[in-house]
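The two complexes that follow have subunit A in common; it is paired with subunit B in the first and with subunit C in the second.
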Partner chain A sequence: MMNRSKMLCRVWLCGAATWLATAVPASAFLAYVSNEKSNTVSVIDTDSWTVTATIKVGQRPRGIELTRDGKSVLVAVGDDDTIQIIDVASQKVVDSLPSGPDPELFTQDAAGKVLYVANENDNTVTVIDLEKRVRMGDVQVGVEPEGMAISPDGKILINTSETTNMAHFIDTATRQIVANVLVDARPRFAEFKRDGSELWVSSEIGGTVSVIDPAKRVVTDKIEFNIPGLRREAIQPVGIGMTRDAKIAFIALGPANRIAVVDAATHKVIKYLLVGQRVWHMAFTPDEKYLLVTNGVSNDVSVIDVAAQKVIKTIQVGELPWGIAMARP
Partner chain B sequence: MIRWLIGAISLCAVTSSALAAEPLTISIGYLGQAGIKATLSLVELPSENDGIAGARLAIEDNNTTGKFLKQQFGLEEIRVKEGDDVAGAARDLAGRNTFIIADLPPDALLQAADAVRDRGGILFNVGAADDRLREADCRANVIHIAPTRSMLADALAQYLVWKQWKRWLLVVGSHDDDRLEADAYRRAAARFGAKIVQERVFEDTGGARRTDSGVTLIQRQIPVFTQQAPAYDVMIAADESEVFASYLPYRTWDPRPVAGSAGLVPTSWHAAQDQWGAVQIQNRFTKLNARRMTARDMQAWLATRMIGEAASRTNSGDGKAILAFLKSPDFSIAGFKGQRLTIRDWNLQLRQPILLVDGRMVISVSPQDGFLHQVSELDTLGIDRPESKCRLQ
Partner chain C sequence: MNRPIGVITALVLIWSGTAQAADPRYPDWPCVQAKVPEISLAAVWAGPPIDDVASAWKDDVEVGALVERLATRRVPVEEAQKAITDFLSRSPDKARSGKLIFAGLFDSLNAQRATVLAGLERVTRKQREAADRVRADTAALQALQSASPPDQARIDELNNKLLWEARIFDDRRRVVTFVCEVPTLIDQRLFALSRTIQQEME
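Now for the complex of A and B:
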């Protein structure tokens, strides 16, 4: 999905560093925001900070991510039981993928050839061949699969299940579950540190982020959030974004209407940034100067200056903005 | 004389590899009543498996999780009829199950709780809304999943006050449960600044709930019954006994909305609830049971899931360990209500948001914004710790 500064790194991993070196001027990027209620994707130009296009998609768009080749944006439209492909050049839906029922979040392998989709309705992760656009198989996981992540070495796929409350470790070669780690209630999102040393899993209802040692496959630390004047129930961590140098992490706290800025090394909260209502997911611009976060209830996107750790702008989008992906124009 | 309807669900072993350790088996009993409570509306007539259908879904969910933890959950059902020996049935069930989900009237629930107490039996009340079970008659081995009458009344009152519909005409049925519900509305009005401008009693004179020409008669009766009222904003019906409330909407003398037992109804769950991931459980439930999920189904689902959740966290099926975990500050459960549900440690009542529904849609969810509390806004619903008469023992 979204907050994929990750994308850049993965592009990097597949050896496109030269492409980066010759890249377009800084901050000329396009953010694609899925609007869950409007059935649209808003496109934001990060130079002018305005919505330059609104793309009609299927019903209930949520998970959204750029393909590794940068040519397409994939968006899961859960109520149509499919993932649609938006062509970045024409900004139009051009095709769809055979996901299982009610796809929500997904992730790609490093080469951009295989897509792993969490299907909330039937306790499976669906494996899709992105080139042939066919289903390759399923992995049975816990109840209500949601968060998806791939380890930087590509060997382990992580899926979180919201009612089972686990992070499932799936061997990408055999497609077998090799470990299950219990986390707090309703795990929503999983994110690896770039060096693979830590896996972070947010628990929306539990109100924590579990830090997991991917080698030992145990929870080694838990990040908690205490915001004066806010009741504990309102603190619901969902989206996570980490800078490439793994120094700073940003965690969306849902109806707490705040982003927690966390020292990724010590796991201590540095500060809370007030954003819009029910903040959900996020994406860095590829230069990591800015972080864009979706605010579901206030129907807008907040722009955070990453270095200054300040909110600098708010951009109105469609209704119930959910996910966000970053592309080059 | 005891006549039990026994239905046991046997669950096939998830793993039978010779190398694998034996899975931990956790058996849950379900103690309910035989027979179906009559309702005015045919579409609201409960199914025979109302309640236990939710427990069955949660057993499936627990077993999906359990296969990763080598835990296996089973469910055994006993139904008692009126006049049966509830204590005996509870003891029998407790012989095989440490945890019993109880869908019983208040006195039967207390008999069952006291009967299994010495052997460490733990009850989960999914049926009785009586405040006294969490107050003067509270028990240390009963966890209450069903919301109380006062929680339900407070949830509705907060919304009506937010809506500025503060003048209530209270219509009360003539049965004991109706009067208890009316007490909850009186308390809620005083708490949240509404005013009951008048009370009327609707006498149950007997008669059938279903007749071939009922509408004609009702259409004449209700306007007459509701005329000459002082100025009011909303009519509140207290009719747990299902005698008249559903006749009120659209038939009142003055054009006013109805709430309480009909019209805008406070409830722990409804088939129309689709927020906070709820579509997932609604779909799972419908797939398993070929019908929609009711409040009682959700209460039984939650009870069973709480046992599963505690078993996975404590890696144990031991009653004491699980009860201790459920009572600890570490416990919380996700119930598709937008926030964590926890237990009030002073009376073992599950804290929960309450849905306000009109039969087709969820109109609102309480607690409403702005009703603040120093511990949890969910504690603005129902009897709070400082007012509680419960002394757990």
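Now for the complex of A and C:
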């Protein structure tokens, strides 16, 4: 009898322990940060805000994204001319995809079946079948393609070219360029509002974010940034993050070491948050409570409380953190 | 004996030929990293204005001593951050102390940086002179070698001189590559420490 109750007790305890173990990190997500100079990906647990793993990847990792099924993280390793696949479960590189030379940023279609990759070195966008992991074709675009975004209805792919200073509108069905919109110098990143009503494109040298009407394909507004005491050339907009309700946007301003918080409806800057040195890209936690941004020169990630619009934490990662993707463990 | 010298002097001459500054505004700047003459206040500070404490930090003995320690690159950043936290937690007027420490750090590290920048540019000028010397001595050596009969004693002497000149040149070049990283290290330190101060002041 004694033994049995002891055993039951153990079973119960064991069950409780399992329950605790699974219950505690339920709110935690995993952020994957590509470190361009250390050739690694740092994994941050958003519950403890610590780096829990460092994954060795190929040379010069930059663009990084979670696949739609949540099982893999894709990372473009430019100097190895490929995109590596990290398995979220084992946190190991398990395979690679056939991109063109020097892939930098990429985007997936809504179903997660097709991947579009901007290859900085050969002025093309490569189209890859994600299931078969084979190349389906290429689209010729402007010089030094960089930013990539797909319209919410999946019909239009946007690619920005650094040297041509254009946002190319590509029909995903025919893979032909159907329109070009001129923006300010060195466009870096493109982001749609979830309802498809606006497309935002950041220009690193121009120092602006162009707001484009995707239906008319014209620039309708320009967001400018003014930080007293900083020279204009120190303000270099790159990464853009927008909440799902399209109320608030965050824009990384590079060597201005700040994130601009923007009212996404009026396009007015609400405030600037000092984060780390050379702030570059960002990702929200899936619940949109936090926004994590990469700081390339201070080698860290800043955590912003989205509702409070405040920086609450800094986490050291590898050298030259560049991109960031969020996964569920 | 002649060949290694030939190789080294060739390297020296290639260096002096290619070491054109990337930024025409700073012809003596030897680094691949862009020259940023000074750190602007707004790039590292989003706290309250510090004009009112501009040089007051020097008059505060305690702050002065702390700033000196924080600005020493030998002291690890984590240790410096802890020293700031400790100091501010003991301070009766956190806001003012924080501003004082920052003003001190901003002055000290910017000054440290300016010294490094000036040193790097001075070395460039020295290297240019050294390259000119190597060029002249190489020509003299070639003249001596083609003379008949060759004056072996003088050839050996000049050879030896060239060898030393090339070695010094090469050592300096290596040091420059290393020192070029220092301004960024100072930027990183100033940013990390001022961020700690601002967090403590909030």
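Heads up, the rule we're going with is that the second predicted complex is superposed on the first by the 302 of 329 C-alpha atoms of A that agree within 3 Å, B and C clash if a C-alpha of one lies under 4 Å from a C-alpha of the other, contacts with A are read in each partner's own complex, and residues count from 1 in each chain.
By definition in this document, a residue touches a chain if its C-beta (ideal position, glycine included) is under 8 Å from a C-beta of that chain, and two chains touch if they have at least 3 such contacts.
As the structure is a computational prediction, the values presented were derived from the model and not from experiment.
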Side-by-side fit of subunit B and subunit C on subunit A, or clash: clash
Touched partner set for A:108, first subunit B, second subunit C, both or neither: neither
Partner chain in contact with A:231 - subunit B first, subunit C second, else both or neither: both
Partner chain in contact with A:162 - subunit B first, subunit C second, else both or neither: first
Which superposed partner A:120 touches (first subunit B, second subunit C, both, neither): first
If touched residues of subunit A are counted for subunit B and for subunit C, the larger one: B
Touching partner for A:277 - first (subunit B), second (subunit C), both, neither: second
Subunit B versus subunit C as contact partner of A:142, first or second or both or neither: first
Subunit B versus subunit C as contact partner of A:38, first or second or both or neither: neither
Subunit B versus subunit C as contact partner of A:314, first or second or both or neither: second
Selected from 26-34, 242-250 or 314-322: the stretch of subunit B that, after superposition, runs into subunit C: 242-250
Common ground on subunit A, meaning residues reached by subunit C in one complex and by subunit B in the other: 231, 234, 255
Touching residues on subunit A, where the partner in the complex is subunit C: 227-231, 234, 255-258, 272-274, 276-277, 297-299, 314
Touch list for subunit C against partner subunit A, complex: 40-46, 184, 187-188, 191-192, 195, 198
Subunit A residues within the subunit B interface of the complex: 102, 120-121, 123, 142-144, 161-166, 168, 177, 180, 182, 185-186, 204-207, 231-234, 236, 255
Subunit A partner contacts - residues on subunit B that touch it in the complex: 61, 64-65, 68-69, 277, 280, 283-284, 305, 309, 312-313, 332-334, 338-340, 373, 376-378
